[in-house]
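Please go over the structures that come below.
Shared between the two complexes below is chain A, which has chain B as its partner in the first and chain C in the second.
This part shows the complex of A and B:
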């Protein structure tokens, strides 16, 4: 398989990306970005896209919630293969991406959040990585896809294994792995780690986190449509450790403070649980007209963990374990979120082929029933338009909205 | 004061007119065809004629069904889940769980003692197990849709048909016909496959209290029988099951008018 696939230089890969954008059949009409903070994020996204395609840049492929502070310590750009694919899906010829995966016998029934990054790599429009960093916190399938990317680009794959349980032994185990990752990265990049660089990236991460957490605190008291979506975007970008991310988080916090002075929003608060489509998706636009959507993942307890700037590996390890999809912990955390944010209903988006959501859905449903919350479990493909008809989904969404309002 | 409920479905469009006592004055069903607006105009005109009232007598129009937003003269759109729940509750307030199988979807709906929807589930990936599924398999056997219930009652043997995909099921039916399998056995297997799928959907929301069935497929006695066999209990079939959603919509229209007053 490897020999059949061409790996271009980054300039050519950027051209491949632009070509797929040019062939996009997605309509261009969309609602304007609702928040000023969204513009700040867009600018940072443009910057990192442009930087990643420069031949001299250091690029590290990562999976969700990999501790990106480590990559920034080596001045390497983390490229989250899943969220980049979701973000780019709104402007690319996404049909072509999925077609490429089908041509390689990947069934359409498999999770589109896995098929997306795989297709992007087949299309050779991601920037060639220097290294692949993977963890098994949220999705084992994603970890396997990213392993394949190591073969595809013939670069080292450095894995991080996180145990299910969070105790002292587990934390020490992960902390040791993180130290090993640093040594491996020194070999990959041919430079020795500058402790000041690591300290700086951890510092920027904490500073961004401070604004992030303060914004979340505002949402405990105020319904601010759009703010939760921005938090979701920041969570998905996972750009913690970059100085620019501090600006993104700060801009959002300041805007959230400003928004608290506006007329209070009385909309029903619906917690969106599960995979999230790109921000202009029609389901989100439709729901957003009727209810305030609060996204689950940005509110996870693990996001609130502040790193120890003098000895970051231990706190990073604890955070990594807390991000692991442990059903028991996630259940308790969901109960906390319901209490803290006065959630009125659950919208459980179970993407076809996602074993994680399949495993978690019964637990989430039981919490909804126990708390007497209305809920909708919707089996859906939020990215692959060939697997999805809005009219059919809208019918269920409308009935759910009638139920909760 | 008269209100109209119009259910614009994938196969047929239904209209019901209701007076201020809750009495259904007239109803009508037409095939939807290629234009939601035309089908709606046509069934609305037919229902008015049957009820002997003028269009100007209608104070409020609620539309439901897939094409609910494509009707220019609608005052309000409501999902058919809410409308079927209300329509069924009006006829039999004891019902707590509803199975509605229409042309391209099936719904399990649980309602409370006031007819409010508590929970619901719908088929997602495919229309197998719905009206279109019956239509396609009936055609493959050369049978009229309306005869399926009576034909399945003649079955002597139990066989199995997949319920994963309408087109695959049609292929299976064609293969069974080709090897000489008795038609009543095939029809019964088709009904059983619909019942199995419906049962899974019903269990998703939880079967509570008496179960009622609405939607066009409720007219097929073979499906009702297969469902009763699978559940081990009787299934209440609504009167005019195809028009239940439209009746529910007309009733909801009354609420809007009284709120406005």
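This part shows the complex of A and C:
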């Protein structure tokens, strides 16, 4: 099928990754890690990266907001193909990655957040998965890419479909699929699920969520530099179900409490809506000097759903549907976020190739107009520099910043 | 009247259903329901006494307003359908049914709900055909039935559903029979005429369609295989497609378009609904099993189906057509290309807009591709 594509051992795949990083030509300047909690997260990230490349590790490819509690119940490391690519884009030569995708006839009109992982797999830089868990959250494109990864590595693909409608029938449908995923994973790993392992991973997930949501609550009253970004990182990392993630979330919460004692920040609060680039990205750095950036996705209602530790499938199903992109639900949730967090303006990042964000932008614009909030919709590519130049957007960003301050 | 003339006249009789559809819809009894995807269960709408018609986006090439409400970087079929809605082209329709056929159509359904007066109804559609998915889709269809019963104060009985299934199955069977002639080298109709016949079937005017298909098939039955040197046999697959200019270029370059593996082609009429048992479950099962479009998660299943069609129709090469920004088809393309390369089948990738008038660039590529198949 993908016969001419090489699949190396994990040690060699790790070497491939190091080679790409070593050849990096982007040389992005980094501001350093602003929070102590970021160090805790970095340590967990380094650890999981190192573990995933060990031959004996169980690795499951997943997509955004996949219920990772399920993989931890099987002691399998979830490898979020999209966020890993975004994270690694900070330090490696993404142009080379995109070149590989173009050589394979992958259209440049597709979202660069999807072409990134595609290229990483073509470069044989990701650890070979034992199983691929597909999900159409947040988009069908991601489901397509991750399905292809199953073909590329010739490993089992276990699908999960999330419907758009949120009602009892849909919740039951997803819950049944989740139960089937567990049976399929038993077959893939050749072990029976230990109910205590699932209970434990759900428990760690809830405990981490508790600290995560307490941190979010602090942001309702306080403008704390770096905290929203750290929440975004935790959201994107999607490591819920791992015990270490509790420590990451707790460290952030404790630091956020400490920060509330510092001199209050008076910056205008801008809600960043849409995909988020890596933290050293020039648009972020430029905006960060002028306003406080609050990230949208970590504040979504779905993040606050507590899982049932004894029978988690139903609550996981409900959470999966709530995460699914839907204009009506997202609009209502956005109104709540505006009320709760005293948002002053919207920065709507409409990433080239993200049809969902493009299609939702007019609805978000309407909310901004109704609430008399300043907004900027900007077409941008946050990963592929062939589609974007900072100078082209800087004028508009500056005009927006002048308006909101 | 000679044989060719008889076939042409009979074909025109069918195609006229599509060409005169607006007049025919206005004259037809019962409420009208628009839809975009061939995954929409027409049987249920017909059983409710509704005329289900496919929106083609043909009436509105100006998509400026639609772009403002969705995005300029959107599939032009989706944009032109929204353009039609904004231009009140379908004001006579009572409802528009959307299925979860792709992310852009999902966003279109939401935009339609916000911006337009015509009621929109959304049907979730699983992207595989597992038992869990079939059970869920059956339940979704029952919800659609409840919606229609409430809206039209009617009861959709199992008998009414079976009658509608029989009506639609007849239409599909007739189109499949028409496609049989392509396999037998009887190329009496152009590729565009095939597309327009299928479009006529999706107007929802099933009785008229079935009636007019009979003389066409009788005329084709009397035809003999086309004489002369063998022409390259080409199959087309991909996005929503009805581009007369592209078909014309293919045929004028000396090839026969032997299979249209698209929603306006063979995809519409494949398979059959099992008439026994629970009709709603049978409809749900049919639509999920039939789906071999890019919407389906399992691209491998789609490619297997494409290769089967290539063999069935003895096609020697493939034109893979993607509308600009049609993500699902763009995502599948590298995989399709690789699998076809493995089978040593040449593939031409074509990308264009729904209403793209200037096809000179594509023309050169198509001609080169076809000529390379000739010698």
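As a convention for this text, the second predicted complex is superposed on the first by the 402 of 405 C-alpha atoms of A that agree within 3 Å, B and C clash if a C-alpha of one lies under 4 Å from a C-alpha of the other, contacts with A are read in each partner's own complex, and residues count from 1 in each chain.
Please note the rule applied: a contact is a pair of C-beta atoms (placed from the backbone, for glycine too) under 8 Å apart; a residue touches a chain by one contact, two chains touch by 3 or more.
All of these numbers come straight from a predicted model, not from anything done at the bench.
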Of chain B and chain C, the chain that contacts the larger number of chain A residues: C
Which superposed partner A:391 touches (first chain B, second chain C, both, neither): first
Touching partner for A:399 - first (chain B), second (chain C), both, neither: first
Contacts of A:50 with chain B and chain C, given as first, second, both or neither: neither
Which superposed partner A:104 touches (first chain B, second chain C, both, neither): second
Which superposed partner A:380 touches (first chain B, second chain C, both, neither): first
Which of chain B and chain C A:176 touches, first, second, both or neither: second
Residues on chain A lying within both footprints (that of chain B and that of chain C): 352, 379
Complex interface listing, chain A residues touching chain B: 352, 374-375, 377-380, 391-392, 395-396, 398-399, 402-403
Interface residues, chain A side, partner chain C - complex: 1-3, 104-107, 109-110, 114, 134, 136, 139-141, 143-145, 147-148, 151, 159, 161, 163-165, 169-170, 173, 176-177, 180, 325-328, 350, 352-353, 355-356, 358-363, 379
Residue numbers on chain B that touch chain A, as the complex places them: 66, 78-82, 105, 117, 119-122, 124-125
Chain A-facing residues of chain C, complex: 68-71, 73-74, 100, 102-104, 106-108, 110-111, 114, 122, 124, 126-128, 130, 132-133, 135-136, 139-140, 143, 295, 297-300, 322, 324-325, 327-328, 330-335, 337-339, 342, 349, 351
